[in-house]
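Heads up, there are several structures right after this.
The following pair of complexes shares a single chain, chain A, combined with chain B in the former and chain C in the latter.
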Partner chain A sequence: MSSTQSAVRSHAEAVQVSRTIDYLGLFILFFVILGGFHVHAMLTMGDWDFWSDWKDRRLWVTVTPIMLVTFPAAVQAIVWEHFRIGFGATLCCISLVLGEWINRYFNFWGWTYFPINIVFPAILTPGAILLDGVLILTNSYLATAVFGATAFALVFYPCNWVIIAGLHMPVEYHGILMSIADISGYHYVRTGTPEYIRMIEKGTLRTFGKDVAPVSAFFSAFVCIMIYFIWHFIGRWYGTTKFLQQT
Partner chain B sequence: MKTIKDRVAKMSFLGLLLALVTTSFYAPSAMAHGEKSQAAFMRMRTIIWYDLDWSSDSVAVNEKVNIDGKFHVFAGWPETVELPDIAFLNIGIPGPVFIRSESYIGGRIVPRSVSLKLGSDYEFSVVLTARRPGDWHVHTMMNVKGGGPVIGPGKWVNVTGSMSQFRNPITTLTGKTVDIETFNEGTIWAWHGLWFAVGLAWMAYFCKSPVFLPRWIMAHSGRRNELITDADKKMTIAFMAGTVVLVLFSYGSANSTYPITIPLQGGVLRDIPALPDQRGNVHVKVNGATYRVPGRAMSMDLTIHNGSDTAVQLCEFQAGAIRFLDSGVCEDETLYPENVLAPDGLSSSDNSAIGPDETKTITVTAQDASWEIERMSDIIYDPDSRFGAIIWFNGEDGSRQSAILNEPLIPVFM
Partner chain C sequence: MAATSASVSAAGEAPLLNQRNLWCFGIAYYCVYYLIVRWYEGVYGWSAGLDAFAPEFNTYWMPILKIEVPLEFATASFIASYLWKTRTRDFSTVSNREILRRHFHHFVWLVAYANAVYWGASYFTEQDGTWHQTIVRDTDFTPSHIIEFYMTYPIYICTGIGCFMYSYTRLPYFAKGVSLPYLLVVVGPFMIFPNVGLNEWGHTFWWMEELFVAPLHYGFVFFGWFALGILGLFAQIFDDLTGLIGKDVCPDV
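For the complex of A and B:
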């Protein structure tokens, strides 16, 4: 076969090769994103996602979307620009969640025996679908940043409330009011994570009384817009091919 | 191709075999929690644990072990460690092999951080419930913000039974009794599974047509806008609407299932009561102290004044977790961990009783291999070469008095 001949001999063969490349590419992309995004997530918001007694209505709501809109923005910029693929954010989020579950199940439960109801990760898919959807419908990074990233942050707390609400039931524990999540964190000993490290309910949003979660979510949404822009540019830069002029 | 496959299979098999063989021959369990690697000055001059008692060294799953005792917050707290303005009474165990059912300082339950005062003594108690079978090293431990964990003595506790028998029930203020061990797990798995499936379905819709090569070619030939069809946009709207509806449904269903919830609780307990003076009226002045490296012995010239109304006799010297006893005067009856107990490690030039209002100058030597084994001899390499300890006296009337030592230490290398 000379270098000018095609590697495939028929249209059917070309389609088959193309689909094989699709499956291999998606497999590789999924696990590369899983690894990279997982490291990023654990380094930037690890404990908030690790423990149920860190999932509060102020900091968890604020920090998690800000830290997790990053990779979706970058991956969207690459796959939308070069392939018009509309599921970049969802691909990132479900790969991250799968990686987190592997970590929580095999490390936290299988290795150190923390119950799953203390170490489950957050649900991210709804925000990711909304982020992808805005990009597909508007074909605009600006609109995706403003509306998509905002939706990504705003939907985070409501979609996770279903898995944390039960853990916020009140209990009188030896004369002190605690939630079930607080008691879990107290019971299941974390030698390296003393109680004072737990960053919850800190801040000065006292004016809003108990309705602080929406305010935190809107603040998170505002920052997400900016973070989306920054990471979308990182994605575009990362997806650029440059050739050097031979002298 | 077949050759390559065969080689990969062969190498994989060899790798697996090697991993299996190496781990079968040498897979030790963790024997301690790094207390030996902690700087000697931290163990001597921060939190001094004493009068410790482990209620049992063998329990079944669901049974309780109490660790009771006292700790002294050293007044000569080292400059290199943050002051214990925020500290947490923890327990040193390898993960949740026990659950911490209760913990108290000064009689108050302390699930939260506390503020400790320098120079004070506190009574503490930790109640553990056995969860996982095995032999576990159980340490007292105080986490100090900015200082790290201060680990006290550890004792082996054997847990028998099966972890599947472990239960952790609790009743909420709404009258619902749940087992914390497994509560809410079905909901977590179900909703995560559902959203994962929705995400996969969203991706599968777009993957039904070619993903990479044809799209790349079209996108880079100026036809990228043809790649998203009207049908794609309709499906996108459907998915977005479905997502919003599902989120609203899940939120509403959670609120109706759990109408009463509270935010996570936190804070610092700053008014923990300290014990009244624990020292008594025996006053000790250190005239000089040396650590003889080859002999693993600390010698001190002490001037002791007995201000109490009963004769006293030197009984014990405690540095960090190591207790050096004069076997002629006292012996341990608390089943203190053997690795940090020198039952005959204390001697003095004259250990006759010191009468009321009498002053005596004697040379006291605390000598044992545990200085080296517990790496306490590393004190001579500290940047602030001082030692901290408690010295105990037994009174003729059965009382027990003590004094805190905090003085410079000179090493002797020859």
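For the complex of A and C:
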């Protein structure tokens, strides 16, 4: 191997090679992150994301951002520092949402026949854009953790409000106060029907007026700041370039 | 991308990026195969996959399990053995141009790995969630498990082994030792497969169909994190590529 002989023969070819590698690398990064992030997401907050009657004003708002600020923080730690790519968080969330949508359509609807308006995934991209935006503008992981991760959690509920509002409309059904999402869920009974396991909107939640979602979002935001820091360092650890044995 | 191949082919040598390998092996092979698998699930999941004690279950589902597992072991062994047997023993005779070509082959392997990881970890794993919240399981070897755990996971493991072995035996940068991030990105998802044992044992022990985020599943999560090793791997790959087409060896860049 000659260390002085160039692998490319012209400036034009160097540019072509570089661009080709960029496209291939982006494809690989997108789908490998999709796989890892989707496993993480579906097994840590998946039930809230699967079903519209799980998308409540407390646990969904709290759990989802906390669990989903993880991979964006880890990916940002490497792709911003090593490659100056400013869309690490957006790439993570778009890949996850793509994987979820494909699944909800072809499997939740296509195989087990749940209507899409019961199984749509949450919208994540606006929070991810904010997370990336803060990092690009400040060039500071500290600021991104404090302001970006907070924004990531705070905008989660408002961004999803457009698709969830109609399903949270109160209705009286056989003399009982329910939401449209509840009634839909009753008609499509699963082993995870929330009224069976008593996890969703339990306790004083439904007598607590209108203030539950903002309180949940702020609590989620505080936790997201810590999670961002932790996952930033997890990302750095996975981004190691060490070899186990040097020969 | 097309220009990369065309410009080099005109010089009468093998293209840096073999487009046929990329599209056929990296993309089409996995997609077409899994679309056929998905079609089979759609047809025979409902008609023959609801009752593990029914004769039709033994006709349409169990043979897949009995065939796929030995086939996967054989494939993984063959890939690893072949790549090791045909390894480059003396890198001093390999030109930088050839190393760059091998990097592109390596990228084709990684595209295939990304594709396989998508189908296994994303598509068929979440599919398992909806199937088992709809059809209550009466066996470890349900239609979704036979595909997810015993087909798609081993296939991405085989592909990951291929990626790792190709880099270790063909690229001097990766032949100098065992790349830690590469090990993480291949071995982490590999460990999801042994975790299946814990999962299946737990499901025979506890009744927990109602919660996909059950603690029993956290092993999958932990090993799923290892996919982040791709970040360190890319840092290594680009470190090597910088040496191959960087300013110090290509004044035109």
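Assume the second predicted complex is superposed on the first by the 225 of 247 C-alpha atoms of A that agree within 3 Å, B and C clash if a C-alpha of one lies under 4 Å from a C-alpha of the other, contacts with A are read in each partner's own complex, and residues count from 1 in each chain.
Keep in mind that, in the parts below, contacts are C-beta pairs under 8 Å (C-beta built on N, C-alpha and C of every residue); 3 or more make two chains touch, one makes a residue touch a chain.
This one's a predicted model, so the numbers in the text were calculated from it and none came from an experiment.
In the superposition on chain A, A:106 makes contact with chain C only, while chain B stays out of contact range. Applying the stated contact rule after C-alpha superposition, one finds that A:244 touches chain C and leaves chain B untouched.
When the two complexes are overlaid on their common chain A, residue A:223 makes contact with neither chain B nor chain C.
Within the superposed three-chain model, A:10 lies in touch with chain C and out of touch with chain B [touch as defined at top].
When the shared chain is aligned, chain C comes close enough to touch A:47, but chain B does not. Shared-chain residue A:146: touches no atom of chain B or chain C. Once the two complexes are overlaid on the shared chain, A:191 sits against chain B and chain C alike. In the superposition on chain A, A:215 makes contact with neither chain B nor chain C. Once the two complexes are overlaid on the shared chain, A:168 sits against chain B while remaining clear of chain C.
Overlap of the chain B and chain C interfaces on chain A: residues 18-19, 21, 25, 82-83, 112, 114, 191-192, 196.
Only residues 33, 86-88, 90-102, 109, 111-113, 131-132, 141, 143, 145, 149, 163, 168, 170-174, 176, 178, 180-185, 187-189, 191-192, 195-196, 198-200, 202-203, 206-207, 210-216, 218-220, 224-225, 227-228, 232-233, 236-237, 239-240, 243-244, 246-248, 250-251, 253-255, 257-258, 260-266, 268 of chain B touch chain A when the two sit together in their complex.
Here chain A touches chain B in the complex through residues 15, 18-19, 21-22, 25-26, 53-57, 81-87, 90-91, 93-94, 97-98, 101, 112-117, 120-121, 123, 125-126, 128-130, 132-133, 136-137, 139, 155, 158-159, 161-163, 165-184, 186-189, 191-192, 194-196, 198, 200-201, 210, going by the rule given at the top.
Of all residues in chain C, those touching chain A in their complex are 1, 3-4, 7-8, 16-17, 38, 41-42, 45, 91-97, 99-100, 103-104, 107, 110-111, 113-115, 117-118, 120-123, 125-127, 129-136, 172, 176-181, 183-185, 189, 192, 209-213, 217-218, 220-221, 224-232, 234-239, 241, 243-245, 249-250, 252-253. Touching chain C in their complex are the following residues of chain A: 1-8, 10-14, 16-21, 23-25, 27-40, 42-47, 50, 71, 74-75, 78-79, 82-83, 99-100, 102-103, 106-108, 110-112, 114, 119, 190-193, 196-197, 234-235, 238-247.
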